[in-house]
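Presented below is the structure to which this report refers.
Labels run A, B and C following the written order; every chain starts at residue 1.
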Amino acid sequence: MVQNGAVPFLRNIWYVAAWSHELGAGQPLAVKIIGEPLALYRRTDGAVVAFEDRCPHRQAPLSLGRVEGDALRCMYHGLKFAPDGACLEMPGTSAIPPRTQVRVYPALERASWIWVWLGDPRRADPARIPATIALDDPEWLMRAGGLDYAADWQLVNDNLCDLSHLDFVHERTLGASTGASWSAEQPKVTPSDDGLLFERWFLDHALVGSRAGRVDTWNSYRYLLPGTFLMSTQSFPVGTAQASGFGAPAAKPIYRRIDQQAVTPIGERRTRYLYASGVERAGASEKFAEGVFRVVNESFAEDRRIIEAQQAIWDQTPAEHERAFLPQDKAPALFRRMVAARLADERT
Amino acid sequence: MVQNGAVPFLRNIWYVAAWSHELGAGQPLAVKIIGEPLALYRRTDGAVVAFEDRCPHRQAPLSLGRVEGDALRCMYHGLKFAPDGACLEMPGTSAIPPRTQVRVYPALERASWIWVWLGDPRRADPARIPATIALDDPEWLMRAGGLDYAADWQLVNDNLCDLSHLDFVHERTLGASTGASWSAEQPKVTPSDDGLLFERWFLDHALVGSRAGRVDTWNSYRYLLPGTFLMSTQSFPVGTAQASGFGAPAAKPIYRRIDQQAVTPIGERRTRYLYASGVERAGASEKFAEGVFRVVNESFAEDRRIIEAQQAIWDQTPAEHERAFLPQDKAPALFRRMVAARLADERT
Amino acid sequence: MVQNGAVPFLRNIWYVAAWSHELGAGQPLAVKIIGEPLALYRRTDGAVVAFEDRCPHRQAPLSLGRVEGDALRCMYHGLKFAPDGACLEMPGTSAIPPRTQVRVYPALERASWIWVWLGDPRRADPARIPATIALDDPEWLMRAGGLDYAADWQLVNDNLCDLSHLDFVHERTLGASTGASWSAEQPKVTPSDDGLLFERWFLDHALVGSRAGRVDTWNSYRYLLPGTFLMSTQSFPVGTAQASGFGAPAAKPIYRRIDQQAVTPIGERRTRYLYASGVERAGASEKFAEGVFRVVNESFAEDRRIIEAQQAIWDQTPAEHERAFLPQDKAPALFRRMVAARLADERT
């Protein structure tokens, strides 16, 4: 017996389906989340509609259809559907059975991300979507990208809940760029209902690519269910950490950076990863932001290489195979338990 | 449970295996029909032989073999077989066991198509092959092509038994070229033992790409088991439909066109589609025939795109999923029932 | 039911894992043998280490790791392992559990081949590795290559235990180059504990590509478990065969050639094939050696084509399908029985 048989996924949760700019006006977009094919499109007012990507007539994908005003027409046999899923036209007949409708999922757009809810629609509370910074936020110079993993989303979660790997996977990229060691010590980890909060100081280190000289850096991020990574990095004059009692700093930082990422399961062993990084616009050039993002892109290609290779070995590993457990595994293990608890919850 | 588990196929029926010109002299051709690998080759008199594509010695494919006169030699270890399947040579020995023979299937060539029978050979009656027009028929300017579908043959049958999709899938190609609406009304459908006959008039419409002006067009086709599409399109001066009592016209048409297609299951979710179109040679130029066929090629690429996408969704659709049934689904449903009845027949 | 379900493989045997030159200093190499992923690397003294390619921490492949002196570090989270598999470093902690270790397989290098033992390490006797000639042997001009088969290793064994196929598969390449018929008569086959010995004379034939004129050629090879092919070809003045009583010749040959090949199962229907050919350096030019090897490369591409096609048909062939048995099948069948006996042996 090997690990990872049928992969269960959370349903009653908001998933990031796409970047806002991936969904243009008048052109449907096919996305798949937790194995479900979706057709996204925009109404004339720009609002996002998320349909099941399956015409109730002959199962042709609606994502190959045509946007007509607020409606979407299947371009196999011409059935036309309103944003609420009702069938508006059925070629060849005027007697449209009321039950002929396409399933609609709650969907909305927030700060450059399109979020979709695949579970019980009565529980789709927009207030549960975390606050994030839009790509066009005037305070930040942001860059965005994305890639797909041929790997289970939980392996990506593991990766993001233990940044000790920066010293090894990203030794010459993201790890080097911070000028600090990520594996020597562990951050403080604080669980909440929605995920984990990671906090740490890096003391008296060089701020790479900057003339700021040596700094203390406060690095904190939340990793939220199902897989939203929201990190803030702030550097201060050396001594700030101690002056803050090694807790959250109150002072104004010399340098600020944010990293926002969403991990969305496409299906079994297939995961979408959308990421953005930003530096404070004040004092930073486009060229500097480009440089930061180039390192990010290189680093996530490194993650993909190791995680996909890990998945391949994982798939051949008997469940009873001996596993070492390191101190830094506590957070990934905790997050996996949170996922498991939610899954158990959804089953009952 | 999803639809389409193990796909059953008809055996006691003639299948189109290839275009005549695909099988040259002296060069075997590998084809697969309903999951069975076949090696076709020509005898010195040009007659087609259809072998099981499997040497009875070590299962090497005979389609990689060498034609030697009327015989085919396996080019792994050199066994040589007569057109009746008997082993003529067995290197290393002169004592050839009589039971060492390759299976031979009834095969013949008719009007540019090679037909093969995979069922009980005693029932392989050539009279059951429908009459078609050869690619070199002096009366017609014909063009031929083919493509493979990553989809079940019955999805292609559905497509060809309901041409209402011309208004949507082929809106700018085949649909537009007819200058008429295919989805507003349904043709008259008449079942027979072998398939369905579709007949309709298009009244007072523009004949696209022609100086003929407005016309009445009589469009009729047979769709025969297992999947042979034989269409005739004839245009007449406006008023001919009414003068014919809206039945089959007797007058000489201004414009004539034929479309002949064969849908052959290669195996599960894999289908070969061979098609030809022709315009009457009298009064038509090669250039006009080219133009007609370019639209045909574009249109069948459109069909492939939508049907393969449909297949992908179909495979993820639970059997109990709600399905809308439209008036134009009657013919595809009827044809599926004819297939099912034949399959049931073959099982008993 | 079709042939070849789960493929069983021998474990208590030496397998050729790679050519020596494929494994450089400082760079691990991933290989897979009988389904087991291995990470090979070299210690500072050049000795080969074969690790299970799976970090005991999170199953990342160690072949993506970094050689550090005699040790190998996993480049996901930084665990470092000694050549004996012991964990030397575990970032984040100094308390390394003794059971955290990676599995090490017996491995050694002999005459340009790296051999690995995947079975009971107590039985890994280097004396059981057959003597072969290194690629840099001063007496020979050697050329080496390799390819992977999408086919079961036993189909490759069959191929190499019956060279009658040279007349058909290699009719214009390896077969033609020998100037003799391989299928008319069978060699003498002598079984031993480790495999089969094949011996034959080719009488009074042209030595292709040589000015030697007509010759008698003594061709002999051993085919050893699991799949090592060691052939010697020696040509003599016509009459030598008779003078030797048609047994092994004692005279000094005019022309000598060797062929060494290793067939290693990667896993189910996936096989590695490493091969080298050599001509005696005395009297032969590099150009001549190149010519010989070009024919070898062409020939093994021919083998791959027919064997992969055979595998595809084999997979669709019911176990009860009639099979012809030829005199030349005796040796392949004998070798299969030897494999089966060893497998039965290992199970008990």
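The rule we apply is simple: a contact is a pair of C-beta atoms (placed from the backbone, for glycine too) under 8 Å apart; a residue touches a chain by one contact, two chains touch by 3 or more.
Worth saying up front: this structure is predicted, and the values here are computed from it rather than measured.
When chain B is fitted to chain C on its Cα atoms, the angle of the rotation, on a 0 to 180 scale and to the nearest 5, is 120 degrees.
At the interface between chain A and chain C, two copies of one sequence, fewer than half of the residue numbers in use appear on both sides, so the contact is built from largely different positions. Centre-to-centre spacing of chain A and chain C amounts to 47 Å, using the average Cα coordinate of each chain.
Along chain B, no residue makes contact with two or more other chains.
Of all residues in chain A, those touching chain C in their complex are 158, 162, 164-165, 167-169, 171, 183-186, 305-306, 309-310, 312-314, 316-317, 321-324, 326-329. Interface residues of chain A, counted against chain B in their complex, comprise 35, 37, 53-54, 56-61, 64, 73-79, 87, 90-93, 97, 99-100.
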